[in-house]
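A, B, C and D are the chain letters, set down in written order, and residue numbers restart from 1 in every chain.
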């Protein structure tokens, strides 16, 4: 089963609750001899870290990752490398501030997993969302950092392309802008707009949804496997497993429903260095297998459910009541989903790469 | 691995090429003592069968399923029931008409899996698409028919809700209309329109995309498992694995990106028979676990890539050329995806049901 | 789950009952471009086939295998090769002779799976043992024939080394003798003895156990993966899954318990072509990984439970009774387990080979 | 894949090297609402702990386990219970004494995994055996402690039944003796003999093999699943995955090869409380499914490979040399394998129990 594990050859198992002792993960199947330090992982974690702007939760967590196993100094070079054994990673929870949970302990927050965890397990860890908290995604980002090292020639980048009804202008897409605003937004002008827009959302105690796009360049043709391990099928599962994601699309996505066969089919020509496609409605995947074009995935993130506006709900005793959620929350959880989406893309690609090429022996 | 298998407790493994000897599947993990005959499966297969209208491929296949194993007459009642052992299913390919494949043998059809299979495996079965043909989905429908019997209190129904840019009117939704038109369309008026519209598409040698919605009623709260076996994550993988699907969404889906937290969160009240929700933006899934509301999934199907319009392409030798595809093809493959989407929903739900309740021993 | 599937990268899923319509299997993950015909598989099946001597069941089954999918004529060479898609195999059951099953329908045969299947599933296919019949192993042999082609440089051979208390003389081991007697016995003299000995067993309506040894030469060092996919762990599971097997050992096996550290540790010297070991107590596996020496596995097969001698038992209604089993049965099921053990070894090695080297892309 | 994971519904993933920062594991799939404290786990760990007598390694490790996730105080009772989410466990390595590894850094110890890890991965963690160290089994024992709580009515007990050629007297079997000697030996007299015998082995710088028997009482009939998830097949894999194990047998095991059908088949009679068997050659498993009798597994452990006696070997540069291993090692690793064998039995049974009954919903 795969309750808390994803991947087959590049396998990631995560554990830990938002306000427990620690969160952690085990990355199994990583090939040996890959240089890997905590700094390599920390770099990606820092991009996801909360508290970096007023547009993400103010929870302050240094999120300092520790590698517990699976690496050693190479006996000849002294460089720390992977050994082929499982890589244990741990982040201790330092900001478990003592807090009054009486409000949410007995009430189900609409839009949250409170009700469903209780329905399934008979109890739930109400402290900060427990296992259902987005805090779990820190370990995905950590695993993704390792996945990137498995695929040195592949570049995975994500961008926020929509907040609420406001989409970026694709003609203004500039990857360099991503690092310059707190939204991972590639459209400079729209980023400026988002700043004002989200301030309004935040001040009103509300929240708003978003759409993220993740693009992988340098993916060789041939990754993915029919029929039930299609690259796009695995990407869909990976993205949909991220907290608050409600939709996933590849290439033209839902737009493909409106296209004719002539419009949708990406024509091919022979280029200097092999076949190239004249368009990429396919999003880099045909028949579940990569085409060699950029792999393009978009996913929709619903608005944060924890809002200051009171909502109708019921309590554990079955009585009607109201709830509103105080505390540190993102007005737009979609923002921090950008590095998480990148990480999932990297992990899925690494997994398929290793299925085709094997863990060792190349 | 799961190249050609899906599910964990209710496991389906399919095999077979479009123009080979036969297609088949093995359904493993089905609980014992469930009444099951070939007629039960045939009923669903007949809904998917091609050649039933001019809007689907004219390939004539009786698609007669045979149960090879896993059932026997109950020693006391004489009723044929499952035994808990794997159920082998087979459909012989009868319409493998001898045909001239010279055109597609050496050319890659844009939008098809031709290029990617060749890139991955070094060869491909060019006869009718081989393994990448939608013919494989017949076995999904067969497996889905068994899955439905595992979940007697759950009703899974699918509908075509959009062709090209034309969406149905949701106010006119009538499930009874589904069986009355060749499109599985729940909006009577739109169905009439589609008839004319698709005739035009067909006559012009073109094709068009579509959107399908699948709804499961009667799903108990509590199905699904965090974090990487979320019900919606598994549904996304299942739907995205269907041929030509480019997008999947749950509940409000991509629309959730445009909602505020107040709008999106489904409020709760206490009803006579337990908790009920005042809306269903969640599509019946919160935190990856079913809420007890209808589970609602939509997926986008791209237009058929086999069209009569010539398109630029390259051949296996790397030279630029053109191609157009003669033969029997659907102007809108989305139509026949309706029963396939239903089957995938049924299989995913049965899988999760058995994870929670076990295969035997209840 | 893996109820009826084994392997990860070279995956085999079997189905079918002894007296049903057919038995079959799906081999998933086989690399493309491997020449494969039905004759390649039939050759191995013929070695396992019953009815070839009076020492195995007289059930007459031609066991003619059909390849249903996963192969095609190579477009250039015309040679039939694998395509990388799942290989469906089918053997129709032709000797389902109408027979009186009233005796075993309601009584549990001691030593058989009758009682446990009924305990688990509430019913069982009493016709010829149903799913628990050794007939299922025909599909393992078929899959093993394909596995051998994945590993062209590895030679997997099995031998019967003990029947009842009578062990072969290892000094007289001659692989060429295997094909010359009906016991797969490498010791010519002991084979002659077994002929007389088993005639006695057979005539008395009794049965007897056996020990099989399977040896794989040419296995490269490095196959297997710590900790829970150790090569010997997977071999143990594979052999123990064969009908009637009660024990498995690697190399020195249970004998290792009696050795000192000095005796057991295989010393190493540098040879012309790399490291060699001066002994092979390890049976070719250290720390779960192959050493490059022959991989040596032995397994014990219990005596056939279907005997002419009456035994005490109970019936389905819970009453005490007696039973004896008429019909065509092996006096020593261990004999036919030899090609089955070879097949399982080949499948496990192919699986690990593909984990390390990948399915495609080498 | 399952490199470092075992089980399907009760899944255990371990990580960590002998002399790294820590070892740990993730137990996934444990049902909710089971009372669980660190003390519950520590109790079993303490039984396995080294340094408790002169017959096991003198490495001093308190082996203090920490639960990192997956439990919380029940909101009503305050009792700490499982939540259904993954249970992260950690043991920090405290006795990583700085040590001279120059001897083994470049030489392969015969009988060790040194050579094979290097062959597979190109490097190995030479410090204390790294991942191949028996230290990893501490996490199995921890997981086993949780598995026992999943199966409150099953009692799993192990015993050492042979050291070198010396077998216990089965007529003197007394489970109460197990806790009274440092060998987990159920035969009081033989335990006294082992004390003298092992002192001799230890003083001579040698080591010796052993055989362990694990018995599970109270296992309900019906656990296990044909064909490739047979209870005995999973037990074989589980036991063979333990360090230094070279053979596994169920019930009569290799002895079954010497029995006739009449001798081997366990006859049945109707007792007051249902069917009972008059003997247990089957070891509680028929057709891969539990019979309701005690499940009996034996496994052979080879002698410790780290011995003071010099042995021929080669070094990493390919030159012939000699090696002998100084340091703290068990004269008989089989002793400490007893609680490990129990843990593996408990985990396999819990896994099969959850497959049949489900993780939640009973």
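As a convention for this text, contacts are C-beta pairs under 8 Å (C-beta built on N, C-alpha and C of every residue); 3 or more make two chains touch, one makes a residue touch a chain.
A quick note: this is a predicted structure, and the numbers were derived from the prediction, not measured.
A.B. asks: So, comparing C-alpha centroids, which chain is the farthest one from chain A?
C.D. replies: C
A.B. asks: More than half overlap in residue numbers between the two sides of the chain A-chain D interface, or less? Answer same or different.
C.D. replies: same
A.B. asks: What whole-Å value do you get for the distance between chain C and chain D if each is reduced to the mean of its CA atoms?
C.D. replies: Centre-to-centre distance between chain C and chain D: 27 Å.
A.B. asks: Report the inter-chain centroid distance for chain B and chain C in whole angstrom, where each centroid is the mean of the CA atoms.
C.D. replies: 38
A.B. asks: How far is the middle of chain A from the middle of chain C, if each middle is the mean of its Cα atoms, in Å?
C.D. replies: Once rounded, the distance between the two centres reads 45 Å.
A.B. asks: Can you pull out the residues of chain C that are in contact with at least two other chains?
C.D. replies: Those would be 1, 3-5, 8-9, 14, 85, 120, 131, 222, 225-226, 355-356, 360.
A.B. asks: Give every residue of chain D touching chain B within the complex, in rising order.
C.D. replies: So the residues of chain D in touch with chain B come to 1, 8-9, 85, 222, 225-226, 354-362.
A.B. asks: Mind pulling up the chain D residues that touch chain A in the complex?
C.D. replies: 1, 3-5, 8-9, 11, 13-17, 20-24, 26, 28-29, 32-33, 66-70, 72, 74-75, 81, 83-88, 90, 105, 120-127, 130-131, 360
A.B. asks: Under the definition above, what is the set of chain B residues touching chain A in their complex?
C.D. replies: Residues of chain B touching chain A: 1-6, 8, 14, 108-113, 115-117, 119-120, 131-132, 136, 162-165, 201, 206-211, 221-230, 232-241, 243, 246-270, 274-275, 278, 281-283, 285-292, 300-307, 309, 311-314, 318-320, 334, 355-356.
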